[in-house]
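When the chains are written out, they are named A, B, C, D, E, F, G, H, I and J in that same order, and each has its own residue count from 1.
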Amino acid sequence: MALTPSKDLLRFDNPNPERDYEIFFDCPEFTCLCPLTGQPDFAKIEIRYVPDRYCVELKSLKQYLWSFRDEGAFHEKVTNQILHDLVAVTGARKLEVIADFLVRGGIRTVVTARHEKGVTADIPLRDDVDVRRA
Amino acid sequence: MALTPSKDLLRFDNPNPERDYEIFFDCPEFTCLCPLTGQPDFAKIEIRYVPDRYCVELKSLKQYLWSFRDEGAFHEKVTNQILHDLVAVTGARKLEVIADFLVRGGIRTVVTARHEKGVTADIPLRDDVDVRRA
Amino acid sequence: MALTPSKDLLRFDNPNPERDYEIFFDCPEFTCLCPLTGQPDFAKIEIRYVPDRYCVELKSLKQYLWSFRDEGAFHEKVTNQILHDLVAVTGARKLEVIADFLVRGGIRTVVTARHEKGVTADIPLRDDVDVRRA
Amino acid sequence: MALTPSKDLLRFDNPNPERDYEIFFDCPEFTCLCPLTGQPDFAKIEIRYVPDRYCVELKSLKQYLWSFRDEGAFHEKVTNQILHDLVAVTGARKLEVIADFLVRGGIRTVVTARHEKGVTADIPLRDDVDVRRA
Amino acid sequence: MALTPSKDLLRFDNPNPERDYEIFFDCPEFTCLCPLTGQPDFAKIEIRYVPDRYCVELKSLKQYLWSFRDEGAFHEKVTNQILHDLVAVTGARKLEVIADFLVRGGIRTVVTARHEKGVTADIPLRDDVDVRRA
Amino acid sequence: MALTPSKDLLRFDNPNPERDYEIFFDCPEFTCLCPLTGQPDFAKIEIRYVPDRYCVELKSLKQYLWSFRDEGAFHEKVTNQILHDLVAVTGARKLEVIADFLVRGGIRTVVTARHEKGVTADIPLRDDVDVRRA
Amino acid sequence: MALTPSKDLLRFDNPNPERDYEIFFDCPEFTCLCPLTGQPDFAKIEIRYVPDRYCVELKSLKQYLWSFRDEGAFHEKVTNQILHDLVAVTGARKLEVIADFLVRGGIRTVVTARHEKGVTADIPLRDDVDVRRA
Amino acid sequence: MALTPSKDLLRFDNPNPERDYEIFFDCPEFTCLCPLTGQPDFAKIEIRYVPDRYCVELKSLKQYLWSFRDEGAFHEKVTNQILHDLVAVTGARKLEVIADFLVRGGIRTVVTARHEKGVTADIPLRDDVDVRRA
Amino acid sequence: MALTPSKDLLRFDNPNPERDYEIFFDCPEFTCLCPLTGQPDFAKIEIRYVPDRYCVELKSLKQYLWSFRDEGAFHEKVTNQILHDLVAVTGARKLEVIADFLVRGGIRTVVTARHEKGVTADIPLRDDVDVRRA
Amino acid sequence: MALTPSKDLLRFDNPNPERDYEIFFDCPEFTCLCPLTGQPDFAKIEIRYVPDRYCVELKSLKQYLWSFRDEGAFHEKVTNQILHDLVAVTGARKLEVIADFLVRGGIRTVVTARHEKGVTADIPLRDDVDVRRA
């Protein structure tokens, strides 16, 4: 079955919910479009989180990041959106997204957003997400 | 329209004011003049901030840093001025400027200044700044 | 006597239980199988712990890591299992396992799990483990 | 005028044809699609050449690399195509393309192709290319 | 269809046989067994070659390297065998294999073997290999 | 006017005393003599401080470090003396000196001393120092 | 007078006991024997401490580390012993020893021990140690 | 006397013309303007040469590089001009200029030009240059 | 059977004598004594060779390097001796030894010696060496 | 006996004159004075040579480099002088000196000089030098 870009992140049951532990994803393959000029932007995305009940399924994460390829996305906004979508699907106890964009106008931009349950603004857990390990 | 050096920093509405997140700019292209000798100085400027209501518009930041090219500027003073100007335009919750100057007299100088709302000295938000995304 | 893969971790008496000190193992030679595809996965495992009554015997650690070579193992689960097995054998005051897996689907995954006596969930000390220095 | 992806490389007159000198472009922003799976591939492209009568215009090079974004391209073939297109437009005395693709199946692939006038197979200079400095 | 370890390297037609160009594979995921002790060995394999009529198919290369996982293999011999098998399947004009084995007995061992058509000993091209791009 | 070694550090008015900010000097050119053997010692000196009313004038700092060239100086003592002299001239809120000495007897020595107003032992501000920017 | 290996660490009066400052020794030249096999082990030793009344004399430290050359020493035990001996001779306010042993069985081991006056277990100051600067 | 930007390179007598030896200058402080947009460009210039009768005077080299600060300069042309001017003043046996320009349009450009007496095109030695060591 | 230091290097039959290929040993664990002072010296030894009829057996190489532990050895002489002993046992076509000694008197010394059959002075192959793979 | 600065380089008999091999000295501790301003200059000196009949004695090399501490020395001249003095004392077959001077006027200068017997200008072997190993 062919893999396609998709905003549908999948999740699976955290095998060790009794413990706070950290999962880190290093994703050097991210590209989107500049909403003002339509030109491609490139970034390296780092995601680290402490799972609660669910973990992010890796293949769906790849498809999710791919889904921005043809979308216009401001640096600040897309970083916060990725944070939001990942927390909504996993209900992570803590989650951090670092988006490191390549040089534009002689300046490199890195945006870092963090979520922490009970500390930062609440993001409700979605209940319409498939639970499986692809 | 030709780009020119300018002290006029622009701002746009923070798309996610509900959350504390960090924006980092890595600006290796900074040069000014030594106020004592008139000779060029070179520095790498790093800016990281937590936006409140506004974000710094990237192209105007490039023009702003360019505006020091023909000005005399002491290391300590210019770092604090950049901090001040950026906070005045954005009202950032936190903002840090690191200016890493190349070797003079066998010594490399790095100046680091930080602002934090409610902690360090108040810097009033300007209300005469254009709000747009260039 | 030939060395074989084995889940039997050995321990020896901590020579300095009166003091909190740290032992760090850097293990670049770890491989297991993907439970979904059966294909090999590779990781670098880092272990750091503060021993209580016992220390981990080094040769048995080598055999223990080797024992995963032909087993299917999810990234998250195997990291927590290594943490659990090491704490059960040593009763360590603190123990951390970092498993840094090579790129799959363009994404590198690092899982970090930590145990701390009296802080994280209890892991009972096994009493059926040989005490010797191999 | 908006910038768009384009296979039309532009050239301008080499200001110093009396001398063999080298121009190197380091292009970390390259992405295309896998012809078999349709999934995105990412590479860093390095180009170094000794110009003869013409030089490559930088902005058109950016548009040219961008033009592969939605095309299926095998690693070996696309590297040779970039070599061919650049030599056809510039008639370079020597030209080398290095395409460094990110990991697929646990393996990183780097393809390197070289042209040298009078040494490797002839590539005729196109006469239908605009000469200007954009 | 599930991927399995296999000694069957596949090839496909070199899209640019008119030119000498280089393909480099960086393969950090190699493990075999020590023929004397049966303990696992780990290496990073680097392969660079100039294709003639055929190129190595990447997925079959992954399966080929995987096929050593349960075999005893001396450092010197396995490096030469990989060289031989790759040349036999591709008839490469030049081919180099570098196998960088992790520390044993306090010593790290790196074996480098090279083939060059008409210069080093002849390795006949096999005619019983599938030609396709998987 | 010729520059000469001198223990006379100069100061100038801190342009931004309303804010705590940090100035860092990286000084790789330091040499003195071993008091026991008379042989040269070499070090890299790092100085970071938060100015209060005064800043250190850079050229005089160069001359000051130069003044140790022909003096015998123990590693521990000279680091503390530099700390003391700099605080006495500037009245810095915080000041740190790191002296990283090259290998002697197979051992590299790094001495780090810190001053903090109101926290570490008092060092009175000298009132006999010129205030100017050289 | 010939230098010989010796367990006799020497000390000299701390020139600045009024201040907490740090001395760091980077000692890449350490070797001892494995108590089980008699084979040589190699390590890099790092020592950092805050002196109280005494400092460690550098040449005697070199002789002290040399004294382990022909002794059997377990990684964990020898690190704690070095910590103990250095604190007993100097009465340091804080002292840390990091012993970074080279790979054995594919695993690198680093042991870190720390002493802090009034916090960790008491180590009495010896009164039978020569006070001089060699 | 104040230092000013100047195209007047100075030279002094090579103290060792009997031998071919190499002098390398690493100049990270170079800036000029883009001739098309008027915006600043930044580069790191490396110069290495084998002197014949004359050497380049270092302070005049600094002033010479400074002289491009307010001039429009294409990457390719300015590199060749620096090569030409340095050879004309020194008559160097060999001279190489590498200009490494910061990212524009996502692409970093490095231009390398070389002169060699009797091999590349002749550049006559100027006889109107001051001979002195400033 | 216990491993002991030994000057007896062992060899085994080169599995691929029909081809020139290279074997590299990276040996960071070498120590000997200074013949003048009796103090320990430390070095990192690198060995690379092209085998002819025989290869060096790895475990005996470890024992061989260990055998210098209690011997006085000048830097220049011991490097040449290792070269000589390895060539005498293996009859290597080419062999290079690099001995990188740690700092003494502020100076690091690296000695490199090379042998090449038919090019450098002849070193007869010993016929009294065991042929086996330990 | 106290060590003092001295221009008297010592030599000892090359233990292996039958073979061309290389000795490399890495000397990060070099300082002299600028002949124009009297200010200190700092450099890292690298020396590599192929000995003929004599080798340089290490301790005398240290004293020799030390002897420039209070002398005025132009970068180009002092590099050639060190080359000359070392060749005159040793009669080396090949000898190279690289002097890497720290930044002055924003520019770092590296001077490299090479001697080769029978290729570069003759430097007669001195016969008035002590032969001993200190």
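Definition applied: a residue touches a chain if its C-beta (ideal position, glycine included) is under 8 Å from a C-beta of that chain, and two chains touch if they have at least 3 such contacts.
Keep in mind that what you see is a predicted model, and the values were worked out from it rather than measured.
Asker: Could you tell me which chains are in contact with subunit D and with subunit I alike?
Answerer: E
Asker: Would you indicate which option in B-H, C-G or A-C repeats the interface seen between F-J, with over half of the contact pairs matching by residue number?
Answerer: Duplicate interface of F-J: B-H.
Asker: Have a look at F-I versus C-G and report the one with more C-beta pairs in contact.
Answerer: More C-beta contacts join the chains of C-G.
Asker: Distance-wise, how many Å sit between the C-alpha centres of subunit D and subunit G, to the nearest whole number?
Answerer: Their C-alpha centroids are separated by 59 Å.
Asker: Cα centroid separation between subunit C and subunit F, in whole Å?
Answerer: 47
Asker: Which residues does subunit J have that touch at least 2 chains other than itself?
Answerer: 28-29, 42, 102, 104, 106, in rising order.
Asker: All pairs of touching chains?
Answerer: A-B, A-C, A-D, A-H, B-F, B-H, B-J, C-D, C-E, C-G, D-E, D-H, E-G, E-I, F-G, F-I, F-J, G-I, H-J, I-J
Asker: Could you please specify the touching residues of subunit G with respect to subunit E in the complex?
Answerer: 42, 102-104, 106
Asker: Across the complex, what residues on subunit F touch subunit G?
Answerer: Within the complex, subunit F contacts subunit G at residues 36, 74-77, 79-80, 104-115, 120-121.
Asker: Across the complex, what residues on subunit I touch subunit E?
Answerer: 14-16, 18-29, 51, 55, 58-59, 61-62, 133-134
Asker: Using the touch definition up top, name the residues of subunit J that touch subunit F in the complex.
Answerer: Touch residues, subunit J against subunit F: 2-4, 28-29, 31, 37-40, 42, 66, 69, 102.
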